[in-house]
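You will see two complexes here that share chain A, one where it goes with chain B and one where it goes with chain C.
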Partner chain A sequence: MSAASEWSGGAIEEPLGERAKAAGIRVGLASPALLWVLLIVLIPNAIMLLYSFWTNGLGTIIQEFTTKNYSQALQSNVVRALLQRTFLIAVAASLIATAIAYPLAYLIVRRAGRYKLPLALLVVVPLWVSYLMRVFAWKIILGEKGVLNGLLQQAGVIDHPIKALLYSKVTVILTLTYVAVPYVFLSIFTALERLPTALYDAAGDCGASEWSTFRDIIWPLSRPAAVIGFAIAFVITFGDYVTPALVGGLQGTMLGSIILQEFGTANNWPLGAAIAMVILVVSFVFLGAVSLLARTEAVID
Partner chain B sequence: MSPDVGSPVGDLVPPDRVSRSGRSVVELVGVSKVYPNTRDAAVADVTLTVEEGEFFALLGPSGSGKTTTLRMIAGFERPTVGCVRLAGRDVTKLPPYKRDVNTVFQNYALFPHMRVADNVAYPLKFRSVGKAETASRVSEALDRVGMTGFERRLPHQLSGGQRQRVALARALISRPALVLLDEPLGALDLKLRQSMQLMLKRLQREVGITFVYVTHDQGEALAMSDRLAVMHDGRIHQTGAPDEVYFRPKTTFVASFIGKTNLVDAERDATGAVRAGGLALRLATTPAAEQFKVSIRPESILLAEAAEGAANTFDGIVRETIFLGSERELIVEVSGQTLLAKAASNVVLEAGTPIRVGWPAEACVVVVDPAEQAP
Partner chain C sequence: MTSVASRAWSSLFVIGAAVVYVFLYAPLVVTAVFSFNNSDIQTLPFSGFTTVWYEDLANDVQMREALLYSFKVAALSVALAATLGTVLALILDRVAIRGKGVLSAAVVVPAVLPGMVLALSLLMMFRYIGVSPGFTTIVVGHMSFIAPIVMFLILSRLRQLDPSLEQASMDCGAGRLRTFWHVTLPSIRVTVIAACLLGFTLSFDEITVTFFLSGVQPTLPVHVWTLLRFGFTPEVNAVFTLIAAVSLVLIVLAAVLLSGWRPHRRNAPTSAPPIEQPAQTNVLALTYERTP
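And then the complex of A and B:
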């Protein structure tokens, strides 16, 4: 018996046959989920991977192995510039969303009292509205004849509407941040909710002020949730093409828009698949690095 | 408690025999707590004083306000009215981290991401204690609670009893004037609870720190405390030494909550004679009230020859006997009243046997119901 299982106290030695049976039951119970992952995630991505090694031949797919798409994608200045821009936009939007969602979740959990759940619901309620509508709303707010320009003109702050509000990198970051906040909030809110209030009491009892309690106890225990929230936001924003298409303009184009073009008007599926694979690999590497920040030894029971 | 069934009340030690320094560590003056959107006060007009070096228990059933009282001493709750003083200083409005008090929480509240040594050392972080001294105090505190060798463990790698010991070490390390314990043994099984009781009591004597101990277990409160306050519905019903509270309960609640007792309705007539149904009772003093209850502890009731000559003697019939191992409980019917009495376990009495029962005048304790007295 290992030292770890000795500490946990509940570990009882099982005979090998029993253990194999238990493992079988676990796989059996998980099989609907596994089937789902296989059909919706693994197979489509495998097909995509296959396509990325084929070539386009005048509207047909030539099923011969080649790495031409990858060399073309990676040597293209446009793809490389867009990859960099997309990555920075996604990281910026995810960071800002986390920076907004964390204090919001903390304040709602600690200070909202009986308004806690209604307030949390208000933060999440935009998720009930279609994604397209949420992004389009920003077009209405920021557009040349939009809400913001109208207000500013009426207030006499400006004479002519500001065109630069829309169709820029900043607009894309703003909109993606808005889209990501509820997801990050949910991850952090549930984690903070789960922390026993006695921990705050115990820290105060030890002499820690609210800030020290946060720094020494609450942040280390909720950091994994903040990292997971950030990762969700990154996944959502990195591959997005709707937001740049609606509010990005030329300045705010992202790599997702290019993939859409390759699969659409350009009708070059293999190249599109190769660029998609590049996004996938970059995401995996980045999230792998980020997940190191989510590691913790704490077990909350 | 005195095992001498013959004269339990005669042994009563004066209530002020507990050696006290006379310096109060905690003073609550007229403290009440009403939570928003509730009608009844969680704590109502509580006044109590805990003196230096005392092991003081707050005893009551769940919902009696004992934990709220403790939380107001610690600073987690602010009284709606009233004043909290620690060592003579008004701390009513101070947050917990500005009070020289440490708490052992019901569910330990250890920091799950910190190792045992870091958990115990945490209070020292805010008291400008050097590294070397912190290390020596941590090992001293862990040694006191018998947890040496567990420094590198995380809380989830410990059993309940071990976590409780670590929580205790964390509460003691900054040498506070006062340690509050909120049902610290509530989550442990009986055997462990008993050994932890002994450890706590020994530890409190060794370190000489005042303990305020919240419990719903009357046996625990009687066994461990120097003095205790019995709470019910947010009010303190009685404060005193365990034997005082046991033998001289003031209210029907105290009499029935602590130990077993016989509570009989009684009335006093104009001549001062007291009758409880068919029984004419002789009391040590004439009660002021006309209608009241009399509490008679089962172990005060003498049987057969021993009953002869007692101030109150009656003929009764044994209705039932219950064998409890170390003793036997008898249910005796006396003039329509059913009384619980105790006998040695080797005494064999069949149901239906006639028996003389008797008890001294001092064994009859007049108790009142404060709810009925309130205007």
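And then the complex of A and C:
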């Protein structure tokens, strides 16, 4: 034990027994947190892991260890295709959301002056509006008799409504991008906001253009926040099942829809659990890889 | 760069930003507008103003039951989450134990897991111990992701507090409990209330976790979700608009509460951050809601 940690116990001269007692009291005080982690995090996830190694037999769960679910899931063409599609959709939506949110955050921080906070809040307000409503609204907008087709027809751009607007991969990407933008924005905005304005002034005084100030100073400092925003968007979109169910149609089915099926009509919990574990592992591996990129080139403080 | 070119870039950026705001608000406006449209079909041109969908809503027994159920779920899960969140925040702020870094990361896991994974893990645990889906399971599910958010807000408040206040209280002979009741609790009270308001809107709107954990009686979002999957009535637009309006009122209230407080003065350190800083961060922190 280092001197510093002994101080935290407040007992330098105390005998060992006393020190152990103090540590015991501290663990006792922390027990609600330990219980929380045990009951809400560890046990449920351990049971899910267990389920994924069991099998489904005529309405009952056979509690024998097997890797059948995983081999079934990973060998199934449907699951493989959906895994690939879900991954691509999630990456595309998160990238587009980041590409939208970053310039917007930069613009608001640099140019909005005293309207900075209201404008930033306006971007995140949609997060507080019903999630179902945000997704469903796109169905009203993009449907065959929807608002967009109506507008285009009235304007004389098209004669017949375009059917392809709804129920496609692109619709799912658009809707998930819409859902993700505020989260990514939040991450980037708070980071850009913390950068002292003196940085911009100093670079400007040294003759740097706004672009080179951005490229050489602001981007290296804010890149981690952009990556974190991207990662949040990925986690949200990768596991979603509401959006594909509402606006995806057959073309836009995602992995989440399959899990929904296994826990619903197909009633094969172990297989569903195995697919859920695949989602969990893929997101962790991907986020791990991404966080290597997030390593900052420069730090301020 | 010449000034003409840079001005062209600037206006391009501003136009781009305007487009983004339209993108963000069009769906919300469309839903609200169509909730007053006098037609079964969601299309242009508008057929006229009506409040008939709101009247339908008021007479819809299933919808009313779902609404009441959602209220009960939200009230209980927020009450539990607020208590637990406060306790967790106090532990992470005050108790020095080994592996605290791991502990504080583990505590927030339910709020950062994909909603589906949280729901499934809880569902399987409940099935394993023989609790059938219903009120209890939904409440536990909601509590699991709301408590870490409450904890996060309270923790950032606790870190702003002046520790000498509590020390003074104990020097004057008050025990830990009395000090907590008379000194600590009053100074975090506003944050707790704001966190409750936020938690309420989150619980009220939640669908991903709730869907898997609900039994026969659906909450309002689950009921609406079922309606949407098996057909559609414009009544849904009306209920969405109402929920959005109520959520926004609650959130604005929470934001005002959170930004209204004055940070305690801490012997005026020379490198003190600007006064608005903590308040601002906390208003934005409200939006660290769980991922759907």
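In this text, the second predicted complex is superposed on the first by the 256 of 301 C-alpha atoms of A that agree within 3 Å, B and C clash if a C-alpha of one lies under 4 Å from a C-alpha of the other, contacts with A are read in each partner's own complex, and residues count from 1 in each chain.
Here, contacts are C-beta pairs under 8 Å (C-beta built on N, C-alpha and C of every residue); 3 or more make two chains touch, one makes a residue touch a chain.
Given the structure is predicted, the values throughout are model-derived calculations rather than measurements.
Student: Scan A:99 for contacts with chain B and chain C and give back first, second, both or neither.
Tutor: neither
Student: Between chain B and chain C, whom does A:204 touch in the aligned arrangement: first, second, both, or neither?
Tutor: So A:204 only meets chain B here.
Student: Tell me which partner A:294 touches in the superposition: chain B (first), chain C (second), both or neither.
Tutor: In the superposed model, A:294 contacts neither chain B nor chain C.
Student: Using the touch definition from the top, say if A:196 reaches chain B (first), chain C (second), both or neither.
Tutor: first
Student: In the superposed arrangement, which partner chain does A:170 touch: chain B (first), chain C (second), both, or neither?
Tutor: So A:170 meets neither chain B nor chain C here.
Student: Comparing chain B against chain C, which has contacts with more of the residues in chain A?
Tutor: The larger set of chain A residues in touch belongs to C.
Student: Given the touch rule stated above, what does A:74 touch, chain B (first), chain C (second), both, or neither?
Tutor: After superposing on A, A:74 lies clear of both chain B and chain C.
Student: Should A:217 be classified as contacting the first partner (chain B), the second (chain C), both, or neither?
Tutor: first
Student: Tell me the contact category for A:256 with respect to chain B and chain C: first, second, both or neither.
Tutor: It touches chain C, and chain B stays clear.
Student: Under the contact definition given at the top, report the residues of chain A touching chain B in one complex and chain C in the other.
Tutor: 8-9, 209
Student: Touching residues of chain B toward chain A in the complex: what are they?
Tutor: Residues 74-76, 95-97, 101-103, 105-107, 109-113, 122-123, 125-127, 153-159, 170, 174.
Student: Quick one: in the complex, what on chain C touches chain A?
Tutor: Interface residues on the chain C side: 1, 6, 10, 13-14, 16-17, 20-21, 23-28, 30-31, 34, 41-45, 84, 87-88, 91-92, 94-97, 103, 106-107, 109-110, 112-117, 120-125, 127-128, 140, 144, 147, 201, 205, 207-208, 212, 221, 224-225, 228-229, 236-237, 240, 243-244, 247-248, 251, 280-281, 283-284, 287-289, 291-292.
Student: Provide the residue numbers of chain A that touch chain B in the complex, in ascending order.
Tutor: Residues 4, 7-9, 196, 198-199, 201-209, 212, 216-217, 220-221, 296-301 of chain A touch chain B in their complex.
Student: Using the touch definition up top, name the residues of chain A that touch chain C in the complex.
Tutor: The contact residues of chain A facing chain C are 8-9, 23, 26-27, 29-30, 32-34, 36-37, 40-41, 43-45, 47-48, 51, 100, 103-104, 107-108, 111, 117, 120-134, 136-138, 140-141, 143, 145-147, 149-151, 154, 178-179, 181-183, 186, 189-190, 209-211, 232, 235-236, 238-242, 245-246, 256, 259, 263, 269, 272-273, 276, 279-280, 283.
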